[in-house]
Structures are given as structure tokens and as C-alpha cells.
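As written, the chain order gives the labels A, B, C and D, with residue 1 at the start of each chain.
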Amino acid sequence: MIRAGIIGATGYAGGELVRLLAGHKEVEVVWFGSRSYQEIPYTNVYQNLFQIVEGTCGEKEMEALADDVDVIFTATPQGFCAGQISETVLEKAKVIDLSADFRLKEAETYEKWYKIQQKSPELLQEAVYGLCEWNREHIRSARLIANPGCYPTCSLMAILPLVKNGLIVPETLIIDGKSGTSGAGRTEKIDNLYCEVNENMKAYGVTTHRHTPEIEEQLSLVAGEKVCVNFTPHLVPMNRGILVTAYASLKQGVTEEMVREAYDSCYNSEKFVRVLRTGICPQTKWVEGSNYVDVGFQIDQRTNRIVILGAMDNLVKGAAGQAIQNMNLMFGLDETEGLTAIPLFP
Amino acid sequence: MIRAGIIGATGYAGGELVRLLAGHKEVEVVWFGSRSYQEIPYTNVYQNLFQIVEGTCGEKEMEALADDVDVIFTATPQGFCAGQISETVLEKAKVIDLSADFRLKEAETYEKWYKIQQKSPELLQEAVYGLCEWNREHIRSARLIANPGCYPTCSLMAILPLVKNGLIVPETLIIDGKSGTSGAGRTEKIDNLYCEVNENMKAYGVTTHRHTPEIEEQLSLVAGEKVCVNFTPHLVPMNRGILVTAYASLKQGVTEEMVREAYDSCYNSEKFVRVLRTGICPQTKWVEGSNYVDVGFQIDQRTNRIVILGAMDNLVKGAAGQAIQNMNLMFGLDETEGLTAIPLFP
Amino acid sequence: MIRAGIIGATGYAGGELVRLLAGHKEVEVVWFGSRSYQEIPYTNVYQNLFQIVEGTCGEKEMEALADDVDVIFTATPQGFCAGQISETVLEKAKVIDLSADFRLKEAETYEKWYKIQQKSPELLQEAVYGLCEWNREHIRSARLIANPGCYPTCSLMAILPLVKNGLIVPETLIIDGKSGTSGAGRTEKIDNLYCEVNENMKAYGVTTHRHTPEIEEQLSLVAGEKVCVNFTPHLVPMNRGILVTAYASLKQGVTEEMVREAYDSCYNSEKFVRVLRTGICPQTKWVEGSNYVDVGFQIDQRTNRIVILGAMDNLVKGAAGQAIQNMNLMFGLDETEGLTAIPLFP
Amino acid sequence: MIRAGIIGATGYAGGELVRLLAGHKEVEVVWFGSRSYQEIPYTNVYQNLFQIVEGTCGEKEMEALADDVDVIFTATPQGFCAGQISETVLEKAKVIDLSADFRLKEAETYEKWYKIQQKSPELLQEAVYGLCEWNREHIRSARLIANPGCYPTCSLMAILPLVKNGLIVPETLIIDGKSGTSGAGRTEKIDNLYCEVNENMKAYGVTTHRHTPEIEEQLSLVAGEKVCVNFTPHLVPMNRGILVTAYASLKQGVTEEMVREAYDSCYNSEKFVRVLRTGICPQTKWVEGSNYVDVGFQIDQRTNRIVILGAMDNLVKGAAGQAIQNMNLMFGLDETEGLTAIPLFP
């Protein structure tokens, strides 16, 4: 059995890691890291796992933890773990970082958008961006994974086939994202209270959201040119689910068939990506609790723009599920192990 | 007292008309038109109005109704009333049509998007588009009002100041709309069931939604040129509220001050429009149950685009509230009478 | 104009007071007391009131406040204001206390259930329990009102007619309450987060909830004997609304007609109480945003028990609305002034 | 592989059967019965299963179906299948009926509460009530299972240990049930619309709900005497989940230890029942998507009553999950096969 430690095990992404790994045949979670709940049984924090998971929360230096485990998941806020992930740690254990610390290759970009210092610049080049379907080979041999953000995962999975095949004009890209509230974490603040979110909808982080440079960097890599986008996230009164609606101008002569062919060629053999039939728009509920991303599109002949749609569960494919998919790749396991849950409906 | 008749009184827009008019000092609802609930007491259909409203549902020809009332509200599906609104009716009573039948000046456009015949083409030129803040003078003297659609109202209120002042490039406009479920009406179909909408989000009518030509026609009138936009509506798990996020490229040299000045000059003396402070994004809950539209914006220097935001209650300013505002104007009443409810929070 | 000060103006009950008083013709709120938001404009805290309410939050001793105002509303946690309400304060201003500090006549009972010291025992006898429909005459001449709790208001309004008329066996009473989440206040804690409440339901405070002795004390006063009940509150994923389902054995020979007559005689002339028709069960949405309490009942011949149902908006009739109704009585105003909002549906 | 046919495959319970069986290693669904969606691919009806499930909806006589399959699940309204289940069918295939047709042993009781004729009275004695934990041995050898109702399952699992051990006074039992909306089925009616259920709560079927005699019959069997209860269901704005709060007087001398011992002795070796720690109240979210039932209790010394709490997912343990658990028992499979999903949180 692979021994796993989770730092930040009591946030929502950490909780989802514990839940999914409890159903994974090759992995045992042996460390539940939590500063807030030290010495408290894990299932006191997440009663849904009562009688399923055993263990007590604690805090430990990462180097010491690396002695005990084969893989460390860090599900902590940005900047929290970066300084602790060292060459010594990586020699002992693989690290899958669910924070944003290693997603941006330039420390300067990171510091500009996140307003905190990049504490491990020396690891930036080694870290592999863990968008599994697009980076599989690098992931297999990686020691350190930058697990993608939720909005970037959904946006990139929906848009990259068009960029790769040169079908859209990159600088016209506008991404309008909508997310359930679990994406905001288990943080005690007024904006996250039930009464503030329920029966409400709002945009936030308009023009300044930190997932913008992450999306741009990955689009640029595939496009082969610098891509700059507008990205606007919105908070939706639901627990789980991200829906991305993206808009771009089609390059001249691009047809619906070419678009469909681009999606099919990228995703036909992908287990976790479903390209929906023509005329069917993704719904977040169709992927709830699963590692699927559903993508669809519609072309507007009047404006020669394409409307690109993607939906996924932000806690699974957008966080813990993709982290486990990365782990499966890194350890040479079946890529779908622990991730075969079928979407819950209704 | 002004005597009002409502055709389609038992849908959600009709119910909201009854509710708001029950608090209006100058109007008495004397006719509750409903095909489905004939001879049933109105408060059996809407128990929230028990002991507040008296009356029984019935069905009647519009000409006969026009003999009994001063104003007729039609809150019926498109095509349902159009054929019945005649010169004879308009000589006897003012008509405020909440359907889409008179919103588009060209019968051809109507028939193309709605797939039904325009049954009253002779009234199209007379009908006045009832976007109160932008069309007030024509409304005052109108006999027939085309009450604007919910998405168009919110979109136009947010975008028109920029078009009027020539600050954006109209053909770059992309409108991403999000609506609560009451906009779909009180219709018994699977898509409207609680379990299908709750914990779910989806786009619908992508590139084909019927509010598109309505938005375009009004934008074009103010722009002085034909404007073509992308409009994508989304269904959100909440009862009330529309949020519009629109994107457009700024014309060269346009500054934030110029944008703010445009909004202020259009709306400073408007009772029902609130231009939010810099950095504050509208939330649908801040306008719930009220006739307000809240607008805000954010400029992205990196892409030279502006993100325009608008929020309102789709059943009030987006339907029944604006209809009453139109009625107030048509009858020379205080424009805010019956519409002074303060937004409910939380 | 009556000048009002609100201590605890930024909680949900305080916010509702401000909102309702903004629509009250005879009152002006001149003081927005808040420890957390000192020197912050009130509408920064509640943007729904932007351009409607003017004023800045602050903190002030109650005696000083009493010099400036005619009435003080205290919407603070238990024990927070009790010590400050003094004879000096009451000589200058009327006080309506929305906390539980003056609801229980025995300091000992208060201290047992609330686990805090009763700091103003000398005022307990003077304080009037502000259940308007049942205590109207004492309220008119009161200086200090103990505004009833939300569950007690809904329970008592539904049950008291049966106790008063001796139709049920008091010791068989079981009260199962269900409340929307705004009843838990605007408190930053995990239990109140959107993701914890949404798609979830639970009982809480089972056998120990502090509203139990309040319900019992009022029932006992009307019954003329000590009544002991089981009360179990539940948290429901909605913002507003309380539903109470109570069970009791009917006394021998009691008929449905006697029950209906009991409700009618108590409530026929009450503006804010609606006794629903036979077979109609109250729904919280039918009273949302209003000061109404809806009551209904069903007799089970098989068990000779009656099922008693009550529904109201916990922030209006269950807190701020009833506080204003009390104020209207104390100042000799129309009892309904500021409270005529019609329930919002849907 | 066991071949399964589902009649009524497109309702919510049917959809959950298909979803759960898609993850079951020993079963293949070969027939998707649906009158409404004949000849339509199953995943057009439930897009969450796109690329996971293959098959087309159809209609077929049950005898013909029985030739093709080993087990038939009927997830249809009451009375729909009863007449078709014959000796001939049962000789060919096992039948698990999710409707209420075989739950009540007396045709007379069925007809009184359901107002429809019992069309298969000759099978009533053979049919086994499929409450797995309480009836396991009879289930193993059964040909026809009456799969329990959702409220009865949750109520009985929570209450039976106390009845079996003679700790409560049966005639004092009051059961207050709360259910998510999926329990109402995928039925196109106004009461099930999103806008009617959301932000709302109500009781329904007060004193007349059809699950009452089912609960009573099973309680009576274990009690050894006729038990009559009050049962009141409530509709809660959530998709999944049932919470039962039951009240009963303790027999003299019963202590908390005796109660806990009763639960432990009944459930200690049960995989799908979790007896929560003292002071912890069940929450529906802790069991969502799983086959667990969580039970808890609290004793009120003041009234000598016990408050009994149970929570489960109405579509899993309350319908499709328990049906599969029954199937596993009937076919000698591991009782947990296909049912090991871990509760989803949040």
C-alpha cells in the first residue's frame, strides 16, 4: 500500500481527498495534517466518514512527514507550504501541491497576482503542471506536481482543443466562470455564510482573480504565443460544480465539423472527458461527485463566435480527484483507480 | 381608483402584478384572468395573498374586458393575446403587454426568432417599448406598451449609458446572463422541477434565445447603427434575480472617469437605478423584491475591455414592477407609487 | 418623528429593523450601534439599503444614547445589554429588547438555561412580554419590552387558543420546530456556512434549547398550571421562515368545530394572524417578508391527537416586525404602521 | 452476470437503480422500462450516465420480461404493476417491488389508505417486507420483496430497537418526518417546481399519509401488540435526505445506558447502520449518496420522553440502495456489493 499524508486535511479539498482515498485500493492515508484540529479524531471534523476512516489530526514538519509516507498532498492556502517543500522532502516523498504555489513558472507573475513572496523559486522549473489529459507524460516522472486550480482546469479542458488546432483567435477569449461555494473553502467568513450565498448571485474578483494568469500561461504554452484573456468568476448558490462559458471569435473558414473533430481527436480516448452531443449543454449536476469534465459548444454564425461550455465538480476534477489522478500516474497505477464514482443525480 | 384587469393572472408575473397592485393606492384589480383556474378563488392559487386579495379567476374576451377596466395587463405567453388587442380595445383601455408580442418592430424578426406569426402587425408602430428610464416621454402618451423582457431590461440598463456616450465598440459586446428560475414561469415541466434546478447550473438557448433581437434592437436605436451581440442565458438555482455580466472593448482613450460620468449623467436622478461605488459588484440579493436595478463596472487595463454588471429582480423590474412603473407614467401618477418596497436581505 | 436607536444594528435582526423602519412613516433611525463596524457607513454593511438609509455605525453607552432617542431597540446577544438597561435609561427612553434577557420572570430559570448571570433582576417584574396579540394592553403602557423569541412566537400563536379554551391536555404537548438559517444570526462559524447548511437538515439543541422555558412560561400563564413540553428545533436550508408542528392530545369530547371556534374567537379581528381554511397547511413561503403568522390544524381521530401548525417569517414577526408592532403599541400609533408588506411569492 | 430489468426506469428511484447497478460487479441491467420515453436512449433521459450506461427505453409485458431476466425491479406508482406480478412471473424471475403494493399484509388496509384496489391479494402472504437488517433471513429465500417506503425505513431503523427491547410506551409514539424533494418523484406538477419548494417548508398529508399504516404494521409485529402512531411528513428544500424525529415516553426505570445497549445490540454488526455518539445528532448530509442510516437519541429527564433521530438518503437506503441490498441477499451475494459509496460532503 502507498502511504499518503495530507497537509490541510480538514478543509473541503482535504476532506474530499480523505473521502476519495478511503475508496482507493492502493493507498492508505496515514497522516491527517491540521493546525486547527490537532489531537481531534478526524471523523469529529467530518462525520460523514464516521466508522469509515480512522485517525487523529496533528501537525508535523514536512521533512519529518516525508520520512513516513510515499506521497504528500498539500491542501493548504497559497504560501503556506511552499517554503517547506525542499530537495530533502522530494528525495523521500512525492508531493502533490493543491495550492497555487507552483502553478506559475515565473515567480514575478506569482508575486504580482498573489501579493505574497514565492518561497521556493528553485523548484518552479521542476514542478509539473498536473493537468492530466494534457501533460500526462511529464506527470508520470514528476516528483512535484502543481495541481491545477478549479477554474483553470475547467476552462483549459474546454478551450485547449480549439487553441491546439488553431481554430480560434486567442486574444478574443472571454471566460465567464460560475462556481459553487465549496470553492471558497471551509472558511468562517461572512461572505461564505448560508444566508449570504443562498438566493444570491454575484461576480467577484473581476479583472483581478488569481486564476487568470494560470489560465493564460497554459493557453499560451499550447498556442505558442502570449494569450491574454478576460476571466470573471461568479459565486452560485450550490455546493459543488463549476460551469465555464467561454467566448471566442472563430478563425476564418472554421466549420462546426472542424470544431467537433478537434474535440474528438483530443478526447476520444479520455476516460474522464465527455464531449456532449450537438445541441446538448453541460450541466454541473451531470458530473456531481465524479471526476468527469463535460464539454460542449455552439457556434453563432451571426457573430462568427463560438460559445464553449465546460462543467465539472470543483472538488473532484477541480481539486482532490485530479490530485489522485496525478498520483495514479506518478505511481504507475491505473489512472482511474479510486475515481470511478458515477455522477449523482438528482 | 383606476380599474385594472390582468390576463394571465396566475403565472408568476401575473401573481407579482396582483401582489404589487394590492399595495398600490390608486389601483384596484377587478379582473383575474386565467384559463386554467376558472371559477377558483384567486387566493386558492396564491395563498400568500389570503385575506389580502379578493376575487375569482375567470376568462373573458379582451374587448369585453376593456369595457370594464381602465388598464389591461397581459401576462400570457407570446402570441396568446396579440390577435385580441385591437383598435377597439385600445380606444377603451390602455394595454400593457408583458409578452414579447410588441417588443420587436419588424414582424419578420419576431417570426424568425419566435417561430410564430405576428398577429397584430398593424399595432407594431404604435406600441411603445416600455423601458421607463429610457423612453419615459413616449410612454406617458402611449396606449399600448411592450413591456421589456427580463434579460433585456437588465442588459440595457447596464449597457445603454456606454453606448449612448460612445464609449464602447458595439460589435464586441458579449452578454452573459444568469437568471433565477421564476423567469421560466409556473410551468409544469421537468426542467423546472426542484430536483433538476437545485444544486445545478446550465446555459440554455445558446445563440438562439429570443431576447437577443430585443436587446440588439434597443442597442441599435441608441447606437445609431446595427448592433449584433452574443447573448447566453444561464439558469441559476434561486427563485428571483437576474445578473448580467457584459463584456465590451473600450474605444480608444476611454477612461474610468468617462465611464463613471456616463453612468452618473444617465442615472443620477433616477429613483430605481443605483450606480454602485467603485469596486462594488452588484448582487441579486441586494435588489430582491424591489424595483431597483443595480449597475457596476470594472475596466481591465490589460485587455482594454470593460466588464459591465447589472442586477435586478426579474419579477419586479424585469416584469411586473416595470409594468406598473409604465402604468404610473401612462396615468400621470407618481412614478414610484406601489413600487417602494425595500430590498429584502437576507 | 420618533427617534430610534438600534444597538446591534448589523446583525440580521438589526438589519431587518433598519429595513422595516426605513419604510415606517413615524420613525427615524438616528443611531446604528455596532461594535464590529464602528465608523463604517451602514450601507457598506447592508448594500441592499444603499441610497435608502444614511448613517454610520458607532458605539455608545446606553445612558448617553437614551438622551438622544425616544426608543432603543437592543438586538444583541443575551447578557450583552442587560446590565446597561437601568432606571435612568428607562426614564428617558422606551426599550425594546430583542434578546432573551427579560423574557423569563425568574432569574434562576434564566441562569439555568442560559448559563449566564441575570444582570438586571430588578427589572424582571416590570418588563412586559411583547407577544402583541396576547398582551396588548400591558404593552401599551410598558417602558421595557421583552420581545419574544422566534420559536416561542410561532409556537404560542399556534397553541395558545387551544390552551386558553382548555381543549388540549397540556402535558402531552410536543413541539417540533423548523427554522431557516437567518435565525442563527450573522455569525462567522462553520455551522452557518453555506456548504454545511445547504442540502442538509438536522435537529439541534435537543432537550436543551433555550426557547423551551420561554414557551413553557407563557403556556403556563394561560393554562393556569405549570406546563412542561418537549421542544426540538431543526435547521432548514432556507434563509427565512419558521414552521412549527405541535402535537397534543385533545381533551375528551373536543370536536373540530370547537377547535376552529377557539382559533376564530382569538384571531378573527387580528390583522397579522391568518387562520387557514380546513385542509390547508401553512407554508413558510406564504408569509415571507411579512408580519403574518399563519396557523392551521388537523385532528387525528385515530389517536385523538391534534396536529397544530404555524408558520411565520422569523426575522419579521419572529424578531424585528414584532418589535416594531410593540413600538407602535407603546407610542399609540397604528399597530400596522411599517408592517404592511405583502408576503413575497415565489 | 445477473440480468436485471427495471420497470419504471426513468423516475428518480429508477434512475438511482440504474446508477447504482452500473457500479455493481455482478449485475447487468438489460431492460429499461419506461412508458413515457419509449425508444429513447436512456442517457438522453439521464445525461449524468452518458457514456456509462447503454440502452434504450421500452415497454414490455412483465411475463415477457421475466423470460429475459433474473430479477425485475418495479419502480412504478402504486397499483401500476401489482396486477402483472403473477405466479408465472415469479417462477421465472425474482421481483423486487419498490411501490407500496405488497407492503401491507391486509388488502383492506391497503385499499383504505391508498384508495385503490389491491390487484394481487393472493401474493400478499408470500411477499417479504424487505427491511434488510430486520428481516434478513426471510429475504434470502424470497421470490417477491416489498421494498420498504422511505419514511418507514428511516423511522423503523431508528425506533425498532426500542420497541424490540420494550423500552418505550408504543402508543405515545409521534413521528415527525422531513424529506428532500426527490421523494416526490420526477412528476411534472406545480407542487414540485423549483420556485414552490425553494425557500419554503410545509407539512403535507397530515394524519393521512400512506406510510402511516406501513410504519404501524412493522412496529406492531415487533411490539407484539397493535401500535398506532401520529406521523407527519414535511417537504424540505433539498434534493436528497430524510430526517426523522420521533418522540415517545420511556417506560419506567429505563436509563440512557439501557437505550444505548438496545441500539448497540441491534446494530453493532450492521455495516449500513451507524449509531452516533452521545450528543451527536444525525444530519442528512452525512449520509448523502450512501446506503447508511445514522441514528441517535436524546433523553429528556424533565418529561421522561426520548427523542429519537434517524437520517438517511431517501433514494439510496430509502429506495434503490435497499432494493439492491435485498437483491444481494436474495442471490447470495455480498450484501454490500454495489453499495459501498462513501457519503458525499459537502
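Keep in mind that, in the parts below, a contact is a pair of C-beta atoms (placed from the backbone, for glycine too) under 8 Å apart; a residue touches a chain by one contact, two chains touch by 3 or more.
According to UniProt, the chain labels map to these proteins: A, B, C, D = N-acetyl-gamma-glutamyl-phosphate reductase.
The structure presented is a predicted model; accordingly, all values stated were derived computationally and were not measured.
Chain pair with the larger contact count among B-D and A-D is A-D, by C-beta pairs in contact. Among the remaining chains, C is positioned farthest from chain A, on the basis of C-alpha centroids.
Here the CA centre of chain A is 38 Å from the CA centre of chain B. With each centre defined as the average position of its C-alpha atoms, the distance from chain B to chain D rounds to 45 Å. Centroids of chain A and chain D (each the mean of its C-alpha atoms) stand 37 Å apart. Annotation for chain D: residues 12, 182, 195-196, 198-199, 237-240, 283, 285, 288, 346 touch two or more other chains.
Residue ranges on chain A touching chain C, taken from their complex, read 12, 181-182, 186-190, 192-199, 237-239.
Interface residues of chain D, counted against chain C in their complex, comprise 171, 174, 176, 178, 180, 195-196, 198-204, 206-207, 228-230, 232, 234, 236-241, 243, 245, 247, 281-285, 288, 298-300, 302-303, 305, 307, 309, 311, 346. Considering their complex, residues 12, 15, 19, 22-23, 46-52, 182, 198-199, 239-240, 274, 276, 280, 283, 285-289, 294, 340-346 of chain C touch chain B.
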